[in-house]
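What follows is a group of structures, each given as structure tokens.
After this come two complexes, each holding chain A, first together with chain B and then together with chain C.
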Partner chain A sequence: MSEDDIRAAVIAELGNIAPEADAATINPESDLREELDIDSLDFLNFVTALHKKLGVNVPESDYPRLLTVKGAIAYLAAKLGSARA
Partner chain B sequence: METTILRKARPASGLRPNLGDYAAIYAGFSWQGARYELAGLPGGGLNIAYEALDRHLLRGRGSKLALRWLGKDGTQRDFSYASMARETNRFANVLRSAGIGNGDVVFTLLGRVPELYIAALGALKNGSVVSPLFSVFGPEPVKTRMARGGARAVVTTRHLYERKILPWRDQLPSLAHVFLIDGGEGSLPPGTTSLKAAMAAARNTFQIVKTAPEDIALLHFTSGTTGTPKGAIHVHEAVLAHHMTGKYALDLHPEDVFWCTADPGWVTGTSYGIIAPLTIGATLIVDEADFDAARWYAILSEQKVTVWYTAPTAIRMLMRAGREMVPKGTFDRVRFMASVGEPLNPEAVLWSADALGRPFHDNWWQTETGGIMIANYLSQDIKVGSMGRPLPGIEAAIVERDGEHVRIITEPMKSGELALKAGWPSMFRGYLHEEERYKKNFVDGWYLTGDLAMRDADGYFWFVGRGDDVIKSAGHLIGPFEVESALMEHPAVSEVGVIGVPDPVAGEIVKAFVALNPRYAESEALRKELLGHARLRLGPAVAPKEIVFRKNLPKTRSGKIMRRLLKARELGLPEGDISTLESDEK
Partner chain C sequence: MAEFRMPSLGADMEAGTLVEWLKQPGDAVHRGDIVAVVETDKGAIEVEIFMAGTMGKQLVVPGTKVPVGAPLAIIEGAVEVAPKTPAPEIKAPAARPAPAEKSAPPPAGLRASPAARKRAAERGIDLAALRGSGPDGAILLVDVEKAGAAPRKGLDLDKMRRAIAAAMAKSKREIPHYYLSTTIDMARAQGWLAQTNASRLPEQRLLMAALTLKAVALALRQYPKFNGFYAEPDGFTPSAAIHIGSAIAIRGGGLASPALHDCDKLGLDEMMARLRDLAARAREGRLRSSELSDTTITVSSLGERGVESLYGIIYPPQVAIIGFGRIVEQPAAIDGKVEVRPQMIATLAADHRVTDGHLGGRFLNQIAVLLQEPAKL
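What follows is the complex of A and B.
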């Protein structure tokens, strides 16, 4: 899976949770919860949806690494990469 | 019913529990007698902010740490009791010079930042009424509450102002002053004031307004099944209950470092997230950030928290995160943990005792009660799953409405409505502008809580459910009507019913059933559009998490949507009496 595919998956899941916002245009380095006005339950749903879609298991201790678009992509890419290796 | 009893070892800390012998203290307690615990204003009167701050200065405790603020970005700001007293004096002077006085309502719309705490206590010093709003509310809930409260002033940030107030500000002429905490000089939006500049120009001394015990101090909005949110009125005398319940139910001592994770936008975050720990002279920890398991464990150990008050949703998130995430020694200094917001499931109590080394103590109260009414105590064994026993000074019973009267149910473990004998100091004194709605809650001298519960033979209370359609999500009450109204504003929606459906983390989540107008067709795109529409208006804490389409919703003859039936079907429960059903769900 390419980084673009991962980005698309992240943006799509954010769009399911906060459809009123354009997740593709938010600052990739800022806190998703503030940028998209999502609460902790929404965030939990976001991580769960990514897990379902990409098959990446995200332990709770890694949640903070998914708090930005950039962080989420990097984290998922690393996980998917190492899973294949 | 099988009851698990969690027996406790003698507490390890050197502090004596404030409530040692429950039966003896309960029997001997009177609110009159407890009044000596408060200082009272010099020269007469009672003011919450004086009890919280200035009284400690006279006792030579001014240099003690009152509030430690932990910023999202890792910054830390400390306020001693003396510096909190000075900052709140400044804010009171700011209000005074703006012509805001006794009884005027001052709102805050802020995250957990120091200015919120300073504004709330400063406004109380000024004799103004404080109404803290949850900053995650969308523009609609903010507007409804500020209009209902007749807001004279609001303290907020530029971002929140522009998003959530400016779009409708011209419809609220009473709102004379908008103070922005992040307003730099020169570039402020029109009609706003820089709080920083106003504070810098204000004196740090202030003669606290001589409020009387029955003067209005706080306005907390809560949700009902129908109509607009209710503004529950609390008076300065409530501080006596904040103080005593802080001592008895949370076992707070002046030596404690206390962390209440609730936001002051909800009543817990005011009664126990601001007032009670300060009147007791403890140190209050305030974390700006939202839930994050690793961060929370770090705060508990780094800040040497001794008493912790949080909510079932957060506890269930910690359970999900797993015990492996708990660093060794995190709970060594924590001597008491309590939970509120919704009933704490037995698994969570047992998990905490096992994985964290300390059990959570569930307690029960409402916006209307102003303070903890029923609790599990430090000194007592826990009946797991029970909300505990009434606080000293509180008489609780299970009752049955019987026409104009109530009948007290004495049989153990028989379900009825939980009622409290009216008259404790933090009891709400009214719903703002809604005398009839207020009166309806009182029968034969009892306040009827709307919660269904049971009482066992030992006097422990057990929660059964809500008696109405109000939704409890992540510990917050959400009125279905408010959510339905927002969805009805969308041109595609012809009718909508909103209920709470069980969720393993949040307790309940908001689910909306929507029927469309003829010109609209069901589609995934429209579903998302409605979701976005609701989120924009209501904010993420109130907006539905789930929206489904129906051709028709179940209605009574008068056209009222039968939420109860939607819920029974959702949960696969018996449908009960459907004799009033005129038009069924399709």
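What follows is the complex of A and C.
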């Protein structure tokens, strides 16, 4: 899966969680909790959706690495890359 | 024969607009069936019926606004079932039905979910033109979403704000609040939660909210004077059931506190599943009537927003609201030594007409005690 595919998946899931916001225009380095006004339940739904869509099981200890779009893409790319290796 | 009436879905509700009937004349109805969708300040609410019988003549057509208590339909051969909790006292104005604003009745015999019907009505989409992907071809929300058309309407946040203003002003005018707080050591609860979630997939994980809600529910069994309703002239009526309203923030402003029914009887996994479902539906404006009318106490948590303590305003006719703040690493004296511990401030705002601070203190303390043994929740 390419980085663009991962980005598209991340943006799509954020759009599902916060449909009021335009997920595509989020600053990739902004904190998602502030940018989209999401709480721990929203974040759990985000992680759950990523697991179902991409097969990546993000442990709670890694949650801080997914708090920005940029961080989430980098984390998922690394996980998917290592899964293929 | 009995009348099915416009329910009261909160102390601030005076009228509602019938969006659609989900049962047609001649259909059998059972206790708990969702029979209609009503538009209120809190969004479109799926209204349940608490009697069994057969749907008879429908007295109100979709699009009509009617006051709380107004007859909506006749239920033939009705067997009345006592409501689970007393309805809040509402003085409905002697209103006459307003002219229909929009929406035609759905085509007879068409199978579609309430959410799909609502969204289709909002977007002016003809359900009959859609192909359903649900059981037996039922049209689901996703089918309507795929049909495109107008942007999502969402909740009317201005209307919701006015409703909150009315309820909170009434509360502050009429309820003599008293406020208490206690600091709870959360090390055990946090440790147990981290350990439990470590071996679970994301969809199976718990949040701290599940633990705190269950602790409140179990504490209420021992302190029932905080669980129920106050209304003149009878005063306090305790509720046998524990239905906790979980305050859910609506992005962009607004607040809903729908009930999690029978919280004391739910396991943590079931509690979590219901919380997820409730939050999703609250934000979509798809709550059910019983979730708005049954709440016996409210719990609000603002810790994630950096708030260390919050003192809530009681939602009438309830008599108490619990607040949970942020879990903060702080120095604490443990067995004569200073240790850094995760701590959380829990608060209680309660109605002084029903309880005193002494009992409130014991209730708060019991919540703290229960959170020290998370595996037993």
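The definition used in the following text is that the second predicted complex is superposed on the first by the 85 of 85 C-alpha atoms of A that agree within 3 Å, B and C clash if a C-alpha of one lies under 4 Å from a C-alpha of the other, contacts with A are read in each partner's own complex, and residues count from 1 in each chain.
The rule is short, and it goes like this: a contact is a pair of C-beta atoms (placed from the backbone, for glycine too) under 8 Å apart; a residue touches a chain by one contact, two chains touch by 3 or more.
Quantities reported herein were computed from a predicted structural model and do not represent experimental measurements.
In the superposed model, A:Thr48 lies in contact with chain C only, and not with chain B.
Once the two complexes are laid over each other on the shared chain, residue contacts for A:Pro64 go to chain B alone; chain C is not touched. In the superposed model, A:Ala72 makes contact with neither chain B nor chain C. In the overlay built on the shared chain, the residue A:Gly15 is in contact with chain B alone; chain C does not reach it.
By the document's definition of touching, neither partner reaches A:Ile26: not chain B, not chain C. Taken together, the two complexes place residues 18-21, 33, 37-41, 44-45, 59-60 of chain A in contact with chain B and also with chain C.
Only residues 18-21, 33, 36-41, 44-45, 47-48, 50-52, 57-60 of chain A touch chain C when the two sit together in their complex.
The part of chain A that touches chain B in the complex is made up of residues 15-16, 18-21, 31, 33, 37-42, 44-45, 59-61, 63-64. On chain B, the positions that touch chain A within their shared complex are 72, 136, 290-295, 313, 317, 320-322, 325, 473-474, 503, 505-506, 509, 528-529, 531-533, 535-536, 539-541, 545.
By the touch criterion given at the top, residues 152, 154, 194, 197-198, 201-203, 205, 207-209, 249, 251-252, 275-276, 279-280, 304 of chain C touch chain A in their complex.
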